[in-house]
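Same chain, two partners: chain A is paired with chain B first, then with chain C.
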Partner chain A sequence: MSDLLPYLIGGLANGALYGLLALGFVLVYRATSVVNFAIGEFLLVGAYLTYTFALFLPLGLAILAALPFAFLFGVLVERGFVRPLLGRNVVAVIMATIGLAAALDGAVQLLWGPDLKYLSGSLPDLGFHAGEVFVSSRAVWNLLLALPLGLGLLWLLRRSKYGVLVRAISEREVAALALGIPTARVLAGVWGVSALLATLAGALLAVASGVGHNLVFFGMKVFPVAILGGLDSVGGALLAGFLLGVLEALSQRYLEPLLPGFTEALPFLVVLLVLLVRPYGLLGERQIERV
Partner chain B sequence: MLSVENLKVVYRGVILALDGVSLEVGAKEAVALLGPNGAGKSSLVRAVAGLLPKFEGRVLDGHIRFLGQDTTHLDPVRLSRMGLTAVLEGRPLFRYLTPVENLVAAGHRLSPKELKEGMEEVFARFPRLYERRHEQAGYLSGGEQQMLLLGMALLTRPKLLVVDEPSLGLAPKLVEEVMAILDALRREKGLSLLLVEQNARAALNIVDRVYVLERGRVVFEGDARAAKEDQDVMEFYLGKEEVGFRQARRYRRRKRWV
Partner chain C sequence: MKRREFLRKLGVGGVAALGMPYFATAQARPVKLAALLPLTGPFAFAGNAGREGFVDGVDYVNEVLGGIGGRRLELIVEDTGYDVARGTAAFNRVISRERADELLFVYGDSTGLSKALAPEIARIGLPYSATSFANELADPKTYPTIFVFGPTYNDMVEALLRQVRLQKGRAKIALVYSNTEFGRDPIPYAKERAKALGMEVVHEEVTPPAFTDATPVVLNLRRANPDHVILQGYALSAEPLILRTAREQGLQARFMGTYYSAELALIQRAGPAAEGFTVTYHNAYWYDTLVPAVEEMRKFRQRKGRDTSYRPTYYMGSLAVALAVAEAMRRAAAAGKLTRAGVVEYLEKLGDYNGLGLQRTYQFVNHRLPYTKLYRASTRDGRFNAITDWIKLA
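Moving on to the complex of A and B:
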């Protein structure tokens, strides 16, 4: 058991980041019905923003400083790429986000170069020993930031006026417009928040493993996580994030020695299996059908 | 309050829905816009509310003025701020939200205190809504949904209320009830009302003036009493059962000359 616990803690730490990223992804999908294939690049841009600020600020402050810029970045993406295409063919919007992903990839390499970079400085060490088990500083930071933020966002979406407006717009944009709800501004805000969450996930990931193009692959995991949680369920995204993180850790511990490379495929396998039983994902809801 | 001049509306560049419609709604006046399916009633509502672009439509010609300002191409958010609220057809409420949340969305511009008072007023007016305030609005009955919509419209603090087919899908008794509520609201709040309806009998009881729209043109305008006495309007819109098949045919023949 004691040799399993470190894996579990590592899994939860990773899962927290999956959860954060998937939260932003699902938020955008729910509000605008856009599948953002550039979410991995959002993470990448966020990580590079943090890296840039960390060149002249302590790391904690650098992350904080990157967040408003990330929000702005999300808003700009919505204005520039998404809004002109809203209401068009779904495929057109999907192609646009794929194109955006490629453009961002290129832009990031142009601006910061192709080589792996490491953040200067580090976050205060919060690692501790709980009995025989060592809980790493990385795990503490990930959970400390992801959990309150995720749960807070859930609360906002359910209870606050802004949350009500987001849910109203996501259901019937025209009806919301007719009530004078500034849908464009609210939706831009949603993209901003999504980029902000991706940036935080990117920054925390960069602290552990440096900043490079490989972060995009971490971003790709958001698809199984979001589908597993239910594409329209924000709470499900957070939960599925943790679940997949832990499953990966277990696989790493028990299956990897037998089936090398299996862990990489695991999230997608889990999604396949779960969708067979629950086509709407773990917490996704069946839509009220229009009759 | 609202004046529409020679309005032409086209969808996707080819489908002409309104072909030179003019109408007026005065301050505190209730006006009905009647007409059969496809006459262009909803297009007029969308145009007035600034929602045409959302339906791939646009104003080809003509002007819409609200409170003396040219609002032909104004966006719905600005129009709503000016005091124009449109309740679109098909019960446009948020079915996954509760009545309370629907009201919060509608009253998004109000201060928390105003919102609370407004909600209390709505619930006092519609006690049935209060009982079901925490259920999903999609599961309310048709009549309750219509009441919720009117409550939501009130929380936008309108000066002019445009309501598109509130009677659609309601039992005759409920239609009367909804019309009575609309009438009461209008008089109490001193609103102007543009009521768009197919159900002429119900609508004519609560309005001052009426326009009849057909194939994108106004074919009749006059005060409500005159409409009730007008043979054509009566025959065609107020009860086919009293006309009978043969007379209806005769009417159609006559109508070609209208």
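Moving on to the complex of A and C:
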């Protein structure tokens, strides 16, 4: 067990980031039925925002300072790209987010240049030894931020007034409008929160491995995580994130020596297997309409 | 003739005589060099630095060296996005658009793209090189027009293993590499050669080219307990994370890497964990001011009003290619053989040239340059310091 424990901790810490990013993705899908193919670029923009603030602020403050800007960025994306297309064919919205991803890739390179960046400074060291196992500071920070945030969001969505409004809109937008719910404002807020979560994930990743375009590839992981958890399930996204993180770590430990390269394919294989048994994901609702 | 008229005619004649070569250069058809580089995408940092190296090299050839036998050297740049399909499309676009007697050299991007294009390049007899140092490309029998401007990945691993042997005779080696052509290229050779040198390969770890958590990789390494770990196939996408995690997890092994890990960004990203990281590198660093090329290009960039701060290794690599290719073209032009075949012939005879010190020599052996130095990361200096002189690998 002491051999296995570090792998589990590493997997959970990595899974926390998957979950964080998938939360934002699922939140948008649940509220607007839009599959946001630009989620990787949201993360990229968030990492670069953090980098910019870290040039003149301590890293912790830089991350905090980046969050409201990320929220604003999400709101602007909703206003500029998504809202004009609501009610149109779903393919049009999907194409718009794919186009948005390409535009953001270019914009990031134009604004910040192609050179690799790194974050100056670091977060307070929270790493510790638990017996023979070393728990890295990165793992502690990932879990410390992702877990309360994810659970808090879940609670907000279920219990708070704002959460009820989001759920009402996701159930039937026209009825919500008829009841006087400020749909436009709520949906803009959902996109803002999604960008905020992606920024937090991007900042935590950037702390560990620097800022560069390859962060976008991390966004690809959101699709198997969200599908596995259930596209409309916020709790499912969090659970699936942890699950995939742990499965990847265990695969790297046990399967990679036998099947080199297997871990890369693992998330998609797991999704395939789960979808065969539960087409709506682990915690998704049955009436989900697939596109 | 009156004095005033004489002076006027002298003036006109003088201006014409001085300006004629430039006029002739402008009128003659240019010689073209195409660079297909990843200007966008995950390797945009390397592609853009490489483009800058080509721009400087070509400008230097035209403005300081007088072009190629009186003809202007022209640079064509296309973006590949580090994508084989886009790179192939860019290659086809350039080849179909340009005249065969003008486009005399193409520089491509990545092992995957170069291997995909190699048969067509051989068929049309186009002088070609690339960012890739794949062993398969250094094969003049199969690909007589492809050149590798440096040691192959096999050569680089050879240099690292020789260094390991100096430190510990029967060392335990671990190989960590990405699941890409770039990553896998030298692995069979590394295993075979380590065994021949009396070393033991105690662990092999295959990973994606970029990942977000190195804990499982490092834990696997810790279980294998190697003396040295060789990283291959990442280009800064994973090395800093692996080094940081290794330090956190208390792994004692010494880490090593090849050409694409030899960039200062690695030290900046990995921080103290980069200390002692050993790499192969076969050009000069921008801070190697004793190398004539560095001094010359600093002055040249200053004259052009360009940034003279640190230029990355990818810049130096492209500059080294541009200067050498231009030299081969100039020699071919002087011999009246400025054709694709002529450029190949004179690249093969470039042994007395060293690109102002950017390479030890351009004496190709099996169409690659089997020489490198080893450098070690110093976090105190914030740079890689040479720990060997040139190592001859063939």
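Keep in mind that, in the parts below, the second predicted complex is superposed on the first by the 287 of 291 C-alpha atoms of A that agree within 3 Å, B and C clash if a C-alpha of one lies under 4 Å from a C-alpha of the other, contacts with A are read in each partner's own complex, and residues count from 1 in each chain.
The rule is short, and it goes like this: contacts are C-beta pairs under 8 Å (C-beta built on N, C-alpha and C of every residue); 3 or more make two chains touch, one makes a residue touch a chain.
Bear in mind the structure is a predicted one, so any value in this text is a computation, not a measurement.
A.B. asks: So, A:Arg88: does it touch chain B (first), chain C (second), both, or neither?
C.D. replies: Neither: A:Arg88 stays clear of chain B and chain C.
A.B. asks: Is A:His213 touching anything from chain B or chain C once the two structures are fitted on A? First, second, both or neither.
C.D. replies: Once the two structures are laid over each other on A, A:His213 reaches chain C alone.
A.B. asks: Is A:Arg278 touching the first partner chain B, the second partner chain C, both, or neither of them?
C.D. replies: In the superposition, A:Arg278 contacts neither chain B nor chain C.
A.B. asks: Could you say whether A:Ile181 touches chain B, chain C, both of them, or neither, answering first, second, both or neither?
C.D. replies: Only chain B is touched by A:Ile181; chain C is not.
A.B. asks: If we overlay the two complexes on their shared chain A, which of chain B and chain C does A:Leu165 touch? Say first, second, both or neither.
C.D. replies: first
A.B. asks: Applying the document's definition of touching, compare chain B and chain C: which contacts more of chain A?
C.D. replies: C
A.B. asks: Residues of chain A that sit at the chain B interface in one complex and at the chain C interface in the other, please.
C.D. replies: none
A.B. asks: Under the stated contact criterion, what part of chain A meets chain C in this complex?
C.D. replies: Its residues touching chain C are 3, 6-7, 9-11, 13-14, 17, 105-106, 109, 114-116, 118, 127, 134, 136-139, 205, 208-210, 212-214, 216-218, 245, 248-249, 252-253, 256-257, 260-261, 263-264.
A.B. asks: Considering only the defined contacts, which chain A positions touch chain B in the complex?
C.D. replies: 87, 161, 164-165, 167-168, 171-183, 288
A.B. asks: Any idea which chain C residues touch chain A in the complex?
C.D. replies: Contacts found on chain C: 39-42, 44-45, 47-49, 179, 204-208, 210, 212-213, 215-217, 219-220, 223, 236-238, 240-241, 244-245, 248-250, 265, 268-269, 312.
A.B. asks: What part of chain B is in contact with chain A in the complex they form?
C.D. replies: Against chain A, chain B makes touches at 49, 51, 54-55, 76-77, 79-81, 85-88, 92-97, 101-102, 104-106, 108-109, 136, 138, 152, 156.
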